[in-house]
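Provided herewith is a single structure, encoded as structure tokens, for subsequent inquiry.
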Amino acid sequence: MTIEYIRSLIEVFESSSLTELHLNDEGQEITLKREKEIQVLSAPVHSAPPAPQPIPAAGDAAPFTQEADTIIIPSPIVGTFYRTPAPDSPPFVEVGDTVKAGDALCIIEAMKMMNRLEAEFPCEIVAIHANHGDLVEYDGALIEVRRI
Amino acid sequence: MIGSILIANRGEIAVRIIRSCRDMGIRSVAVYSEADRDSLHVKMADAAVCIGPPASADSYLNTQNIIAAACGSGCDAIHPGVGFLSENAQFAEDVTQAGLIFIGPDAATIRLVGDKVEARRTVKEAGIPFTPGSPGPIESPQEARRIASEIGYPVIIKAAAGGGGRGMRIVEREEEMEEAFTIASHEALSFFSNGTIYMEKYLRNPRHVEVQLLSDGKGAVVHLGERDCSVQKNHQKLIEESPSSALNTAQRERMCKDAVRLFKRLHYSGAGTVEFLVYEGKHYFMEVNARVQVEHPVSEAVSGIDIIKEQIRIAAGEHLGYTQKQLHISGYALECRINARTPGKISLFIPPLGPAVRVDTHLYTEGSVSPYYDPLAAKIIVHTDDRASGIKTMLRALQELEIRGITTNKDEQLTILTSKIFNSGTYGTDIYSRIFQE
Amino acid sequence: MIGSILIANRGEIAVRIIRSCRDMGIRSVAVYSEADRDSLHVKMADAAVCIGPPASADSYLNTQNIIAAACGSGCDAIHPGVGFLSENAQFAEDVTQAGLIFIGPDAATIRLVGDKVEARRTVKEAGIPFTPGSPGPIESPQEARRIASEIGYPVIIKAAAGGGGRGMRIVEREEEMEEAFTIASHEALSFFSNGTIYMEKYLRNPRHVEVQLLSDGKGAVVHLGERDCSVQKNHQKLIEESPSSALNTAQRERMCKDAVRLFKRLHYSGAGTVEFLVYEGKHYFMEVNARVQVEHPVSEAVSGIDIIKEQIRIAAGEHLGYTQKQLHISGYALECRINARTPGKISLFIPPLGPAVRVDTHLYTEGSVSPYYDPLAAKIIVHTDDRASGIKTMLRALQELEIRGITTNKDEQLTILTSKIFNSGTYGTDIYSRIFQE
Amino acid sequence: MTIEYIRSLIEVFESSSLTELHLNDEGQEITLKREKEIQVLSAPVHSAPPAPQPIPAAGDAAPFTQEADTIIIPSPIVGTFYRTPAPDSPPFVEVGDTVKAGDALCIIEAMKMMNRLEAEFPCEIVAIHANHGDLVEYDGALIEVRRI
């Protein structure tokens, strides 16, 4: 079985909707597998639930669970991302912190309203994907956490 | 001057607006739903912000996310395009309160012309003819019957807040009135949260002709001629042209003057359209569209004016800077709307090119037509000396157009363009059903 | 009227002519070499005839096969396009003798304006300024030295039958004259089978400005304004614009009037161009191009006239039907030529679209650029209010243009368009080398 | 070896410049071949020699030989094809006729000149690909013959 053969096989496989392919051709064996959706942690492709209207208390936004061991909390609205409650305050959370359900994670400012985003469950902060002051998009990655 | 504009729309009109922004050296910021990540307006804009999931209500109609995106991306202004939030007075107000410029007339004007009863009152004061009808809202079937017997059947009853054919009922005879009134009020209430109903005499198979206006809100108002939009299928325009074959020079002049007078009275600021019905050589006011329209390129072709540029300039507070006499409206322009009949991936898109042809579209090879939104896929516009040569050039253009991967109404458009009745120039809004023998 | 036209050309100009035929309801017949079987002009025409192998000499210059194809396919007329046989007086004569209409001036006119010495004589009689030079052919290096010392160095010696930079020599000093004269005569003889040489004063870095004319051969002559073609690389035009930034209104008027007077004197019939050099605000006659030119869309944009349609109408014996005063020349037009740098298969072609932009091309996705012919791949033309906005719109258009599978000069065009010197409007024909520091 | 496998193999083969491919994969064997240029008898893709200029005596046009057992005589010029020397005359040749070298086959009229096309070698007329009075293109198929 040449590299070219395998390449073609993969092409055919990829242009199909299969998630697994096994071939045994007179003793030569090959197995191809893939996830239905590619998991990209830094840019989630799953749809979060539609942003409720009017903008809810940020804590209402259900972060979606991924099959990997970390979870990305996406932005439920478009707005400006703030890590601190006020210009001179320390950040709500830092990487490595652990928080309990209901603890504040960040603020998203939209329409001159400060929307506090809270943790829905106890977790460890793994990464912060937006910069203080950034515009965050709908469903944009904010904070990556590990459930504890 | 405006330095950066957020375009609160999608599809061909968003692409159209981005192009004028580029031409003016203005930064453009696109917004998009999750279904539109690979859409042409997202690729073309200088920046793009995701504002929600596919459903329009959660994305392109999500005023809070749109305004936050504009503020957060450093825009000074929002262009609403057509449809979606373009005639939403509350949105215009919210945009202004967020410290941004709304590219369109002010909220009060949008509100006034959006209320059919209020608009009729203003039109009457301006001395503009409109179809005989109820002086204001109709409260009961009894009142409806009384007015109908005065103006004569057939009549049409309409929702004051309506549009697009909803909450509209044609009543042919007195005995139909009670039921029609009840259904129309009910529809008006459920579609527009406003059960107010009014009545007009029903003109059978009139022409639909509208006047394009530019008004700087400082007293200068010009028209860019009229557009005839009589070729419609279920109240959806398919073909638009300028000048209209239903008007002679004197009739055209009267209609355009009336439209200009109305906009002066409204202290209107921006681009807008006055729609008329033309029946037996007379024009009757129908409504004001307080926004740019899908078919605006027809007027751009005959006038040489870029209407989107003018909208932006007026919103920035500039004076129009020219008078009606300085405008040179010439030749004949024709637009065909190419609508998608199926969503899908575009495997090949070949637009018509060459002299006298313009194409406005968001399609591209490898792009796609989304099932979530409007089926408008492309607008083909030609500009020639006269109507006969314009139709020939449009046929040339449509023959060059190739869209693989979806089905469209192109063949239907070719049937209309080659029909005897369309070529005669003499028909009413029933032309579509007459050609296709519905 | 003409019912059927054979287009004796290929590439974008053949496509361009087919489009005007369609617009006029005229049947078009393409011809093609074996290398052009899949070329766009073959696909678009109503019929197509293979006329020879790839080499131009055996196909697009094979007058007998072309005329036989026209007669055999029922054509009444032949349009020669640009290049190839378009200024071949013998071909014009052969076409006429075969009982067909040649779409262009008659053979005698082509012959007259093609002979530089003869043309200068006519121009002198019409009282049109031209650069000081030899009154007629120069017979010897001695005579060349005598005339050069009269008119002053630098001078340029040229082949009477020449063009495209061949058989041309700039002579800076007397001691260079003998060798330059010998080389130029030799080149003239080998390239044009005619060793006749004449001399002009050499203008350093003039502007290249030409006037587009339409003349019905019955006394009516109009101009469609001028085109500035100063942006050239090795004498090949890259960018053309109208109006020229080198002329004021009075200078423009004088130049256009001179061109019209010359065409009246020539009893010229068809579309044609008078090329001038502009130097320190004055214009000097250079040559007449007795055909449509590559850059004709620039004049179409500012005048609203379809020059190909007019060529066909005039060839059919029609009167022009309008006067100079009835023409409305307005705005600013700019054309960029996109040249292929490599031949190859086009895997994707995305033309710019939208308002103010026109594209003339024979490229299409899955098509190809042949190694046998001219590298011109596409012409992008924009029409706007003024030069500053025209340059912005051209940048927008070029950014939208995508051609995959071959390399082109697009980046070079972007460099020119964004250069300070091009934007200043003040430069000479050395602009290209100044930008690229050759 | 699945259909898909063979399809992929053909695609790879077609996108190459190979003319033959033989594969023996542990007892499974496949062979692919193709002609460098596809032979189309009714529309020859071979270039004939460039049409000499001025138009030569038609007999000069060298018909090109194909690898099949018939030969298509192409038109050396663009013109009108005539099977007869004059309107009322019988055709020069009919299918099934045999002719010797120098016999007239047809006339091509161009520029009011009648160009007689002659056989270059003895042959049998297999088919006539153009109709009397047709415009024939450069290199267009005229008469198909079998060398005898």
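Remarks
In order of appearance the chains are A, B, C and D, and numbering begins at 1 in each one.
The rule we apply is simple: a contact is a pair of C-beta atoms (placed from the backbone, for glycine too) under 8 Å apart; a residue touches a chain by one contact, two chains touch by 3 or more.
Just so it is clear, the structure is predicted and the values come from calculations on it, not from any experiment.
Separation between the centroids of chain C and chain D, computed from CA atoms only, is 40 Å.
Chain B and chain D have CA centres that are 60 Å apart.
For this pair, chain A with chain D, the centres built from the Cα atoms lie 65 Å apart. Averaging C-alpha coordinates per chain places the centre of chain B 43 Å away from that of chain C. If the chains shown are joined wherever they touch, the resulting network closes on itself as one ring, and no chain has more or fewer than two partners. Per the contact rule defined earlier, chains pair up in contact as A-B, A-D, B-C, C-D. Note for the complex: chain A touches chain D at residues 1, 4-5, 8-9, 11-12, 25-28. Only residues 47-48, 50-51, 53-55, 77-80, 110-111, 135-140 of chain D touch chain C when the two sit together in their complex. Those residues of chain C that touch chain D in the shared complex are 34, 49-53, 55, 58-59, 62, 64-69, 71-73, 98. Those residues of chain C that touch chain B in the complex are listed here as 15-16, 19-20, 22-25, 44, 297, 300, 304, 306, 308, 328, 330-331, 348, 350-351, 353-361, 364-365, 384, 389, 392-393, 395-396, 399-400.
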